[in-house]
Amino acid sequence: MTASIAIQAPRRRQKGRGYKAFRAIMLVLVALVFLAPVVWMVLASFKTNVDIYNSEAAFIFTPTTKNYETVFGQADYVQYIWNSFFVAALATLLSLLLAVPAAYAMSRFVMKKSAVLVLLARVIPGVSLLVPWYFVFSNLRIVGTYTPLVLSHMFVSLPLILYIMMSFFDSLPEELEEQAQVDGLTPIGAFLRITLPLSVPGIATASILSFIFSWNNFMFALVLSGASTKTLPVAIFDFVGYASIDWGGLMAAAVVVTIPIMVIALFTQKYIVSGLTAGATKG
Amino acid sequence: MKHRSIRVMSAAVAVTALTGGLLAGCATEGDEGGEQVLRVTLANHVWTDIVKDKISEFEAAHEGVKVEVTQLGEDQLSDQYNVKLNAGTDEIDVMMYRPLQEGKLFAQNGYLADLSDYVTENADWDWSDFQDGPVEATTYEGNVVGVPIITEQEVLYYRTDVLEKLGIAVPETLDELEAAAKQIKEQGEIAGFVARTGVSAAVTQWSSFLFSQGGDFANDDYTKATLDTKAAKEAYELYGRLIGQYGPANVSTDMSWPDAAALFAQGQVAFYTDASSLYKNLTEAENSTVSDFVGFAPFPAGPEGSLPYNVPSWALGINNDSNKKDLAFDFVEWLTSPELTLEVQAAGVPAARTSVWENPEGTASFPEQLAEVIAIGSKTGVGYDRPRVISVAEAREIVGAPIVVAITGGDVDAAIEKAQADFQAFLDDEND
Amino acid sequence: MSTTTGRAVRTQSSFSLWANRNRKWVLAAPAMVFVALLIAFPLGWTLYLSFTDAAGSIRAPHDIIGFENYIDVLSDTDRFWPAVGRTAFFTIGAMVVEMVLGMLIALLLWRPFRGQGIVRVIILLPLVATPVAVGMMWRLIFEPTIGFANQFLSWFGIPPQPWLAGEATALPTLMFVDIWQWTPMVVLILLAGLTSLSDEPDEAARVDGANAWQRFWHVTFPLVMPTFITAVLLRGIDALKTFDILYATKGKGGGSFHEVETLNVYAYGLSFDYQKYGESSTVLIIFFLMIIGCIWLLTIRKKRSAS
């Protein structure tokens, strides 16, 4: 055994270096492909409209900060950012509260049909939901408040979180919970004190995705938001006029919309990464 | 019991958060004792930008009234109306809508309040000052359902420097336009002509070609489609040739005005026909590389003369389910007063009042040539630019199909035959 | 950590006893009730409308016409079936690439490396960029005459392409945009699944002399299969309903020749452009049933692979 390992070791080191280089190149390529259009967008936010249309001025142009002045000067972007954030955060939080326990139950008790029922919420096209929901909400006189927005976003987030967490729980061995119950915890207690902490990377992934979907949601916000609860994707259309499109402003607004969520994603990444180290010590 | 307290706590957090959110949102809705909220939805338009600043004046003059404006892009506004008016709502009082695109539909569905009595109340406001064509478009079965606020006409934009360099005179007829476009295209540096090419988008711009050839979409009472007349065929083929043969290579068949205008603004084409309201996309340095070389000409004449459209692109209506119709009309009246209209037009938005057009102040801000062109178009123009039916979107797609076929060089005759049959079936359907 | 002796028996409240005994439904019910409440009315409403000839306005009087809408839609070879074809083509095409690429990239990101934080954040960019703005941006980039894409190609001597403007190239171009935008989501989900795997099986295989491909295909992939299927399900459903980029780039009707009109775009057009509510509801119900059929097929296979 030792002989074969000794022979393997040097080969592995060589392969390691080659693989590392290959991996580095691939990662750079991947990063470039995903990054390039966004870079284009950011560059465009510093151009005048005429330069944006000019493909030859892609990299060489005179920059201007006018677009950002427009974005912050004219509209209530701080309010919109808050609205988007509040709705996305609340919807994600409430969806987690409902979906994570449900995912646990559906995983441990193999409730396939019930899971599909919840998935249906994501299947139904938004077009079907708009008029009936508006009808109900406007009769309840809550259109324009945060409530219908949060509810409609939760509707979309729930199945997402449910399914991600279900597959996560599926891969967690039940022995841990059984052991905890032997130790005197109730089944639900075991779930809360043993399983949940181990699921942090899954929860972080599900949360960030849910938050992103909420943040970018346009259709529901268009119809269910009022003047004071308008969210960012709807506000972006302020730059699309009847007889003119302010491309520069649009790109600047898009960049402004993206930054807060990038910060949040950065923050959440830590939890996903920390899950790595936790997972390594497990098992 | 730590686990139980966690659950209790999280439940409590959830409940407080939800209630908090509910309450936070609630504060903005409803009329609080004494104060009335007038809900107005407007489109993104230069007109809106101008009047929005003045709204506080209205509020000052009407004590206890607050005006809440929701402003959206054209398509989003349309979607909003679709959803909200279908569900039935009293949360919209005043709405800005497109008389030719959705006017008939809204009127037929009973969404628009009857304003016939309101408009004749105030002699100072002068309903008769509004141009005939636009007024016709906001009248349904004898009742006035909207007040037109913005108009547009089709004009010919051209590159003054290119025409000068090649010694071409500004085309006054469609034949001259074709010859000029051909000549420019053959020079090879830039393309000759561009216009909208999208099956639905192009219809309105193509209509001027149709009218100037002496054709129309259908007969007067819209019982018989007339897309297979000689005039219509000429119009289809000419439009197709102008773009397909003398336009940019690889031209997209989905261009709406932003795409077509961009081509002109980037110096890729010499001629461009589209609405007068778009001129700023071409004449302002921050939008256009050719801003110093833009010329404006009246729409070239066909055998029947120069007959571009002169349409009310936007009008103000009142939601029939609104419970504040009187106040709503006060607001509409104020927004469309002669004084405010003059201000609006002086800022570059063609409005719908005759008196304002005749006032030199009202045309001062337009590039001089353009003001003349618009004045000509306003007098001779046709009051509609698309089929005057209820389901306009569908009709546009039917009528526009041969346009795209002509541009791509396909079998125009077959396309016309099919369009005629489809449109006739469509009309039969609507009329029964 | 297991000390079972010496512990007093915990006294549980009756609520706690009840909750733990019935935990299956105590945990699952809130989510299910929530979904059921919000979905019941719209689903019922759409179903009802599909049996009527409602058009113009939902509030206008309309008649119940039984299955006439269904017959009309299912025999419509002009708009409906081509839309079905396009939906299938777009969804399957984009999905396959997204899953393969997603898996590859997730594998690349799996083991820690220097600068992994930055790369993970960059990966998220297409996902977080507002779809509406992204759609309009791609429209600019792909413009045949003045867009950057053809400019880019010209640097390599490749002739300009019609991209979104060509009848045959529009849908593939949009698939590319979709892949760019959504592969990160697949990466994220698969990565979460990969990081929850223990290292033992992989190590054991490595010691046994398996090469990288063998280790992946016979050890890693089967272990991460549940997560993989989850990603397929979630991404697949979203891909079927793709709307934003199609609408932002080609507008109503999916282009002049309906070249990108998928079922969702078609249903939207029927509702918002044509105001044919009866017909659009029918298309939506049929669409809904088709998706359920696909899910059912997939979960049957999942059951089989688990047994």
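A, B and C are the chain letters, set down in written order, and residue numbers restart from 1 in every chain.
Everything that follows uses one rule, which is that contacts are C-beta pairs under 8 Å (C-beta built on N, C-alpha and C of every residue); 3 or more make two chains touch, one makes a residue touch a chain.
Just so it is clear, the structure is predicted and the values come from calculations on it, not from any experiment.
Novice: If you walk touching chains, what's the least steps from chain B to chain C?
Specialist: The least step count works out to 1.
Novice: Ranking chain pairs by contacts, what comes out on top?
Specialist: A-C
Novice: Just give me the whole-number Å value for how far the CA centre of chain A lies from that of chain B.
Specialist: Those two chain centres are 38 Å apart.
Novice: Centre to centre, by mean C-alpha position, how many angstrom separate chain A and chain C?
Specialist: Each chain reduced to its C-alpha mean, chain A and chain C end up 14 Å apart.
Novice: Got the chain B residues that touch at least 2 other chains?
Specialist: If we look for residues of chain B contacting two or more partner chains, we find 79, 86-88, 262, 266.
Novice: Chain C: which residues touch two or more other chains?
Specialist: In chain C, 16, 58, 146, 271-272 touch at least two other chains.
Novice: Out of chain A, which residues touch more than one other chain, so two or more?
Specialist: 53-54, 131, 186, 188, 237, in rising order.
Novice: Chain C touches which residues of chain A in the complex?
Specialist: Going by the criterion above, the answer is residues 23, 26-27, 30-31, 33-35, 37-38, 40-41, 44, 52-56, 58, 98-99, 101-102, 104-106, 109, 111-112, 114, 116-129, 131-133, 136, 151-152, 154-155, 158-160, 162-164, 166-168, 170-172, 179, 182-184, 186-188, 191, 201-202, 205, 208-209, 212, 215-216, 218, 232-233, 236-237, 247, 250-251, 253-254, 257-258, 261-262, 265-266, 269, 272-273, 275-276, 279-280, 282-283.
Novice: Taking the touch rule as given, give the residues of chain B at its contact with chain C in the complex, in rising order.
Specialist: 1, 4, 78-79, 82, 85-88, 105, 108-111, 197-201, 248-254, 256, 259, 262-263, 266, 268, 390-391, 393-394, 397, 400, 404
Novice: Would you pull the chain C residues touching chain B in the complex into a rising list?
Specialist: Residue list for chain C touching chain B: 13, 16, 56-60, 143-146, 160, 162, 164-165, 167, 250-253, 255-257, 269, 271-275.
Novice: Applying the document's contact rule, which stretches of chain B touch chain A when the two form their complex?
Specialist: My answer: residues 2-3, 6-7, 10, 14, 17-18, 21-22, 24-26, 28-30, 43-46, 68-74, 76, 79-80, 83-84, 86-89, 91, 257-258, 262, 265-266, 275, 277-278, 280-281, 285-289, 313-314.
Novice: Residue numbers of chain A touching chain B in their complex, please.
Specialist: Against chain B, the touching part of chain A is residues 48-50, 53-54, 86, 90, 93-94, 97, 130-131, 134-135, 138, 141-147, 150, 185-186, 188-189, 192-193, 222-223, 226-229, 234, 237-238, 240-245.
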